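The structure under discussion is supplied below as structure tokens; questions concerning it will follow.
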Amino acid sequence: MLKELKRKVWQANLELKKQGLVIHTWGNASGIDREKQLIVIKPSGVEYDELQPEDMVVLDLDGNQVEGKLRPSSDTPTHLVLYKMFPSIGGVVHTHSTCATAWAQAQRPIPPFGTTHADYFYGDVPCTRPLKAEEIEGQYEAETGHVIVETFQGKEPLYVPGVLVANHGPFTWGKDAAEAVYHAVVLEEVAKMAMYSCGLQGSLAPIDRVLLDKHFMRKHGKNAYYGQSKK
Amino acid sequence: MLKELKRKVWQANLELKKQGLVIHTWGNASGIDREKQLIVIKPSGVEYDELQPEDMVVLDLDGNQVEGKLRPSSDTPTHLVLYKMFPSIGGVVHTHSTCATAWAQAQRPIPPFGTTHADYFYGDVPCTRPLKAEEIEGQYEAETGHVIVETFQGKEPLYVPGVLVANHGPFTWGKDAAEAVYHAVVLEEVAKMAMYSCGLQGSLAPIDRVLLDKHFMRKHGKNAYYGQSKK
Amino acid sequence: MLKELKRKVWQANLELKKQGLVIHTWGNASGIDREKQLIVIKPSGVEYDELQPEDMVVLDLDGNQVEGKLRPSSDTPTHLVLYKMFPSIGGVVHTHSTCATAWAQAQRPIPPFGTTHADYFYGDVPCTRPLKAEEIEGQYEAETGHVIVETFQGKEPLYVPGVLVANHGPFTWGKDAAEAVYHAVVLEEVAKMAMYSCGLQGSLAPIDRVLLDKHFMRKHGKNAYYGQSKK
Amino acid sequence: MLKELKRKVWQANLELKKQGLVIHTWGNASGIDREKQLIVIKPSGVEYDELQPEDMVVLDLDGNQVEGKLRPSSDTPTHLVLYKMFPSIGGVVHTHSTCATAWAQAQRPIPPFGTTHADYFYGDVPCTRPLKAEEIEGQYEAETGHVIVETFQGKEPLYVPGVLVANHGPFTWGKDAAEAVYHAVVLEEVAKMAMYSCGLQGSLAPIDRVLLDKHFMRKHGKNAYYGQSKK
């Protein structure tokens, strides 16, 4: 069942480790089959080098385990909320990558300080509000999803394909699991560059809207002209 | 004698190097057989790539060398004090990993700024007081153990499986040598993230108790639900 | 056509990745055949490990594609302006390397703080002014070239073989593509050292002119005595 | 001639690259045969992966080239002054390693902030005064040696086996070329830790003399008890 999607999600999880975004088992990638309304996600706490494609867990959007012997990632309810509320996304990634997490811990959004940021994130990478005590003590992982959705109210998630959860770390997404990983790599690099820039210039202002528009649209708009696949 | 434990302690020492926590011979891992009351530790000043399982040194808890031709790590008396005073631990690691050592040199405990920290350390990673002149000039390595024990008075060491020795560097522990290494990796990463967060937000407060509880207990309490092995 | 130049430009692009200057496809190297007035450049958005020498794109100095099935790098117009306006250069590189980009985002030139800098850059690595709205909305990539040329007015580009484009990132150049890559590596390292030095000493002054002269001329002047190839 | 010493000096040079202390050809290691009064040093500007043991250059202490077809490192006169003025040393290394160079550029000595430093450097790693214009314009490389010697007036160089040359970078030494490399690795790590500690605690004081004594003597005094080789 979903053999191809399992392989892709498995590969996305391995890529997180290979890209240096994940220590131990601190990360997870998932993908969705929108037609079948099923998601595939990494099992909880399994070392990356022991992971096999067939270990991937299949769940429906209510969180019922449809296939797989292992328990799914403990962050699964967050992924489920994002798939339900963000219909345009096809893959989700969570990491504790160093610099993105440093911003999340500092509870600061990452402003667009340059074109590297603008090429992928059409504005600030926002930071959620901290969860309330009752949210933490309740359905914590689902509430983490809800506070992300609250942060994106009225925004298209593919225009800013990532978020910092306050005191926690980054979530990213994309049209599939591979693109969510791609964006996790970008977010970590953008977080590092922005941190260094703040060190060099304490009162740094974000770039002008026109430069933000230019770069984001160069890669994403209907007139995009970066790469080979777009016409 | 203790062939399996020697192999595990040897492997733990190699892992320290592989994980980038150790330069030259600046680190050591040990394990204990609680039944036989014997510890196994790395020999002093031997390069990691020359190290063999049979080079590991066996000592009793009074520090008498029971087996092994090589001199044990010069930090052995610290390990012995920790095994004697912390009955719940089964492995100890000492490194001079960069960021944890930077905090130890700054004589600052690492506050829990996020869930990465809270997943493993149930509160501050404390920093010991500096040793007194007479402690340094006396049984220095044993006194290093005593000041750690003093710092943990009334606390369960497995709830905060690591410490910063002021002006020196980190010690970590766990249920065995492998877990002590695991915690050494976590501590270095947590130290790096916390340092970066302080740079981004000078007056950063630790996370709320309720988030600390949630994350630590998600992995460690009797109702833990992270990973595969717990029920 | 231009088989040897294609191979060299291809190799220069791979080297950018190998040296850790490039994430994903964020970089490009080109070279020129001054006699034939043709440039060879990387295609746009192709992963480095799929890139073959024959994928390199050949263009004339007006930007007409002379050979190659793939679309050239979106930054091609910047390269073209530099080749037209800087007759002494034979290769151009653009990256978003972390520390050089951090300075570009902070809109600060990098002062010569030491001999590492002076060995390659005969003075500040300048930072361009930010582009104006009409420049961004017009021929953006060509205007990026023009603002670099404006920044070097009256200067020999081989004496300072690199620049920071404000809010964007570094461009470097050299007598060929390989040397442009070499300078990209130097610039990233010099940017990192300078950033760290500023952290250690907030009001740091550049080195004296005499030391700058000594080091730059030791490697570049007619009396150069570094290396084997000069007499 | 000096076949064994050439092999050791060659290996020391390769180790500089392997340890990540050197970019391009920015470093050199040398060794001396005190009996024959001859030194062996790396040739100037040759890439590390092309370097062969037989490429090493042999010179007498007056700088006359005794063997070798290639031109010796341009820093040779600095090495020669150190060998002549520091009779206890047998190997010298020069690098532009990132963090040590950052301190050199900031013209700050590195205070002993912890035991990692104290294990190898018995006090501050000093920073020389900047060279005067006439020294730079005169016998620059020899003057670099003289300002190092001036900085160590009345001190045993093996007790602090390294220095920061202001605006330039580190030199280290040891009983042979391998130990000089070993100290170059230590110095870079100590420089990084100290930089991070200063970021965490702006007004950090050096460690107490008694801790400095304890650690340095644990590894170096006649009662040293670290490692296997000492009795």
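Some points to look at:
A, B, C and D label the chains in the order they appear, each numbered from 1.
We adopt the following convention: a residue touches a chain if its C-beta (ideal position, glycine included) is under 8 Å from a C-beta of that chain, and two chains touch if they have at least 3 such contacts.
In UniProt terms the chains read A, B, C, D = L-ribulose-5-phosphate 4-epimerase.
All values reported here derive from a predicted model rather than from experimental measurement.
Under the contact definition stated at the top, no chain borders both subunit A and subunit B. Bringing subunit C onto subunit D by least-squares fit of CA atoms involves turning it by 90°, to the nearest 5. Both subunit A and subunit C derive from one sequence, and where they touch, under half of the residue numbers involved are common to the two copies. Averaged Cα coordinates give subunit B a centre that lies 33 Å from the centre of subunit D. Subunit A and subunit D have Cα centroids separated by 46 Å.
Residue positions of subunit A touching 2 or more other chains, listed in rising order: 199.
Pairs of chains meeting the touch criterion: A-B, A-C, B-D, C-D.
Taken together, the subunit C residues at the contact with subunit A in this complex read 23-26, 43-46, 70-71, 74, 96, 98-99, 101-108, 130-131, 133, 136-137, 140, 167-169, 195, 198-199.
On the side of subunit A, the complex with subunit C involves touching residues 113-116, 182, 185-186, 189, 192-194, 196-197, 199-201, 204, 207-208, 210-211, 214, 218, 225-229.
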